[in-house]
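Written out below as structure tokens is the structure these notes cover.
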């Protein structure tokens, strides 16, 4: 039986002496104590504790994806852990409402004592971004430049080492690209898929042209947008064209991964694809919740500082808003919807694929 | 100008070395590392950080109520801080969903290493309960007995000292009891109030008697309930009867405080009562959210342990459910609704009271 | 291609003339218009719309479980729909905060015009309860009696017919009871399981006996609780003993279903059990969220009415609180935790079972 | 006593025949029934019911602000109603998670039957925008053009009439501009304010210049931003400069309103300013929650359609993202933080102002 030799006391187990002894106010430090600095400190400490938990789950997930073959039960565990991350993210987003009980004036009572500390210096948050797959080249200008010179040498090294390792994005991409089943009948499937999709695009064209509520200018715009959708769609069947769109950032996933992902999103209810579908959906949720957090965070900063500079000496709000969209990672999972077909237009799955499904028959 | 002499670094300011260095797993300790113990540790540490913040606000509020006269701007600050507590409580309640991503089996992987640690030993939570006004005599049997023998001498002393100080409940009661304006026209007001209320009770009686959808047994039950409402209502105008109901716990507030509270709840839109009304409402919210937390927590424990004993060696679920209702503090603020009148049945406020309202006239 | 012949207009499609034309105020009706009655009406109408959606999903789920054999892709769809119900329930619970912006006094301005209408009369909510598996015999006294005489003959008939049909609880019970794999190696498994569990119970006994923080009275209580856990556990291996506990309501699931459920909860990460595990977890969530809704709803009613009777002429709060716990349906899924083993104490799954798992090997 | 003559039945009162009889599926209409269209219909109907409630509260608020003099108790009621709107908005935002349980593929099963219906055609949502203060000139290009030609003549007229009436923004602006107390001591106050603020801006300049972590390019950018903050700040004291920034949209509030708003935000805890402060904060919340809703809605559409066109024949996602920021209304309330001073740098409020505060002294 599991049993601990020495009895455990709640406060010792949680090391509450450290946890509850780690709130030192800068304002008090300078003989100008501000009641509300405590909230500022604790909100950030809670964020860091949650980041640690998210990294704990994320690293376990990455370890799984570092294997060449991933057994289903490992995948089940992965999905469970990603769902836990999503639950935590929900708290992180709602937590902004707690921070917003700090009025601009309450913040001003101690803000100037924090110079030049900055949220940029949260190593765990940067680790989170890098582990998910945010690469330097995707960082926006401002960030690219000062991403590192705000950090201690030690912290900088941690992040640079991490950047040299494969991210979850890259590992998931590899895993998608080697999905079994993608070879067999692929050709037939994609041929059928292409024809059906062409019909859809054609029909969308008609919708636009026959929509009297649109002005001519709007129609032209719509048709232009549709045309670019048609081109990126065509690129799915033309490796060279795809590579170009991959390089210019229209697609982030490589060709094989993109095709596998589309295959999975077309057959979410096929038992064989259900776990992969759950995985893709979970990663979409994580990306979405992180993006919403960035957006809410940017608004909160505007509400607290207006156009003032942040304690780190950067106009927080403007910068933060820029990163909201540019720092998305699994955006292909969102855009994939552009290429999906209604269930009843899908080619049937061949029998030998069906054979893999369900276990009742097996008896 | 405020300015710090030495530059601040994010990680140092938040003492992340302590915060992020305070997760030691018992399972690892015994060479049987359990991935999910991290979640268990961090969820509890986050709870403790929030408890510290709530106590920080609560103590500031108690300091204000310790004064004999409370200026309005102090009351405004109090309401602001109580609203902050409510926002935090919302997170505490939602956080249970994160804990529920820990399956019973994942918990069993390390639970036995935690004996006999227990949530009972959270001193901050006990401080929170005591500061709000939960007194020993209100604790349920089980709790009353082992409330203290699970604690270290040091922790026990902290709580015993706290229990000797006035709680927020007692201070708010005092403040209500000395509300200005309660003397003048009180008689006229309450006379009118009593008559109107008697009509209401009479009309409720008719509703019951003429409700064919009720069985005779139900009608008898309803009329019995109504009668006890009528009696506690009558007690409002009979100090001796009131004292009895106060002693048997039907009412927790003393007579003066109860009457003031009813007065305030009757005229929430009178500027002079608006701040007190906001205060009462905020305390009601805090009590409600704390009660919901207890209830959700009890269900979570049942889901995790079933009828198994907790690590502290007590059948958690059963006990926790008992405390859910018994540990409520401002329950009079809820039950007050029993005695309220519709606006259009209220006696008019006398002119000299009206004079206090608004500042436009003043010009 | 799918295409509608006649163009659709947003307002016509959603029949907004009906939806937005269905708010008639009783207070206005009687020449005493109350601004806040609108909130009361709309909050209830929104509840009814969500109930319709939940019933729409629930009936689709029940249709699936009415089949003798349920293919995996049907099960995947079922889980998806249950998760949708959970998302909606989250809104239903949070919606109480909107209702709570209606103060007791605002409610009193129109409450008396609603007599004897009552939430009891929400046929959709009763359908929801009955479809899930709430049977008359489980209803508490008050409810049992007046469950029907508050309804029109027509509504009564709808519910009586529904009660004659199998509920989701009964169908899931059947499906669990016929789970494949339960025969093979069952004996060996349960033998091993029993031994391991006996050790656990023994060790829990030690925890209690060696816990100095417990008073003697408490220890006796704890050991009594443990003994009853031990007995219900023993009943798992004694069909007669089980039937007794099944009849007295300790267990609601029949023996076969209970054993299958425990098997599934022991091996959640085995691909073959993952879908069933997701299903069980989803039903647990639904039961939990419904229970929390009942609890929050009861508190809201107390806050609005105190001990006053509701418009239906029944003391809402008291009654509602009674139903909170008594009306739970899948409570066995919660209590199951009493009997689970840590992963490392589990008997290994035999090879021929393993063969069913994963599809990579298949190539 | 209030009493209804004829007894009320739950279903009749809520007109559930209309509410629950208003779901007609286009897919069924065309003999191609799609299970998930029900969710799509009901989610939108719930939105419309909440919009009706929000408009109900908003119109009551606008009626109050249409008066020349607003007594405090009216203001208290206004704040209460705005808080109710905020609670409802929280549901509207969370409701997106329910919509997101509709997979792209499930949506495609009926999307083409809805052409050319579009959310643009929600008259209530447009009324909400216009009532709050969104004017044509603030609408983005696309919207400006087709804002009306998607609507029936009747709907168009409703909106055009509404646009001719004063919006909440305009009425609040008027109310702020005529705030009492703004005349007396204004000069002294603003003089002191200006000096203190100049110091703050100067100190911010130092922060930037001494921040080694910034690259030269960044420093230049920061100083440029600071300079424009300084200019808009200077404009507060130069009516001509202000008018220019007002015309170019940097400020939306007129000069008097802006100054009053800053005055209020500087002294939130002065009883005389507390209600106005609560009002400003509530409007900030409403604007923020509406903006977050737009943002989440845009992401949801991208997830559902990718770059596909919406049923209305417009590339939903791109358009919706553009409106997220451009359609903000009370953005000055956010940016105000740029100009606030720490409490301890504020000029003291003159005695005769203090005299208005508190009522205890009055005895």
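Order of writing sets the chain letters: A, B, C and D. Residues in each chain are counted from 1.
Basically, a contact is a pair of C-beta atoms (placed from the backbone, for glycine too) under 8 Å apart; a residue touches a chain by one contact, two chains touch by 3 or more.
Treat the numbers as computed from the prediction; the structure is a model and nothing was measured.
Common neighbours of chain B and chain D, listed by label, are A, C. At the far end from chain D, in terms of centres built from Cα atoms, lies C.
Chain A and chain C have centres, each the mean of its CA atoms, that are 33 Å apart. Taking each chain's centre as the average of its CA atoms, chain A and chain D sit 28 Å apart.
The geometric centre of chain C is 38 Å away from that of chain D, both derived from CA atoms. Chain C has residues 1-3, 32, 112, 115-116, 203, 268, 342 in contact with two or more other chains.
Residues 1-3, 69, 71-73, 76-77, 180, 199-200, 203, 268-272, 274-275, 342, 356-360, 362-363 of chain C touch chain A in their complex.
For chain A in complex with chain B, the touching residues are 1-4, 7-11, 13-16, 18-24, 26, 29-30, 32, 35, 38-39, 41-42, 44-46, 48-50, 52-53, 56, 60, 80, 83-84, 87-88, 90-91, 94-95, 97-98, 101, 110, 112-124, 152, 155, 311.
Listing the residues of chain B that touch chain C in their complex gives 32, 103-105, 108-109, 112, 115-116, 142, 145-146, 149-150, 203-204, 207-208, 211-215, 217-218, 221-222, 225-226, 228-229, 232, 265-266, 268, 284, 288, 291-292, 295-296, 299, 302-309, 312-315, 318, 321, 325, 334-344.
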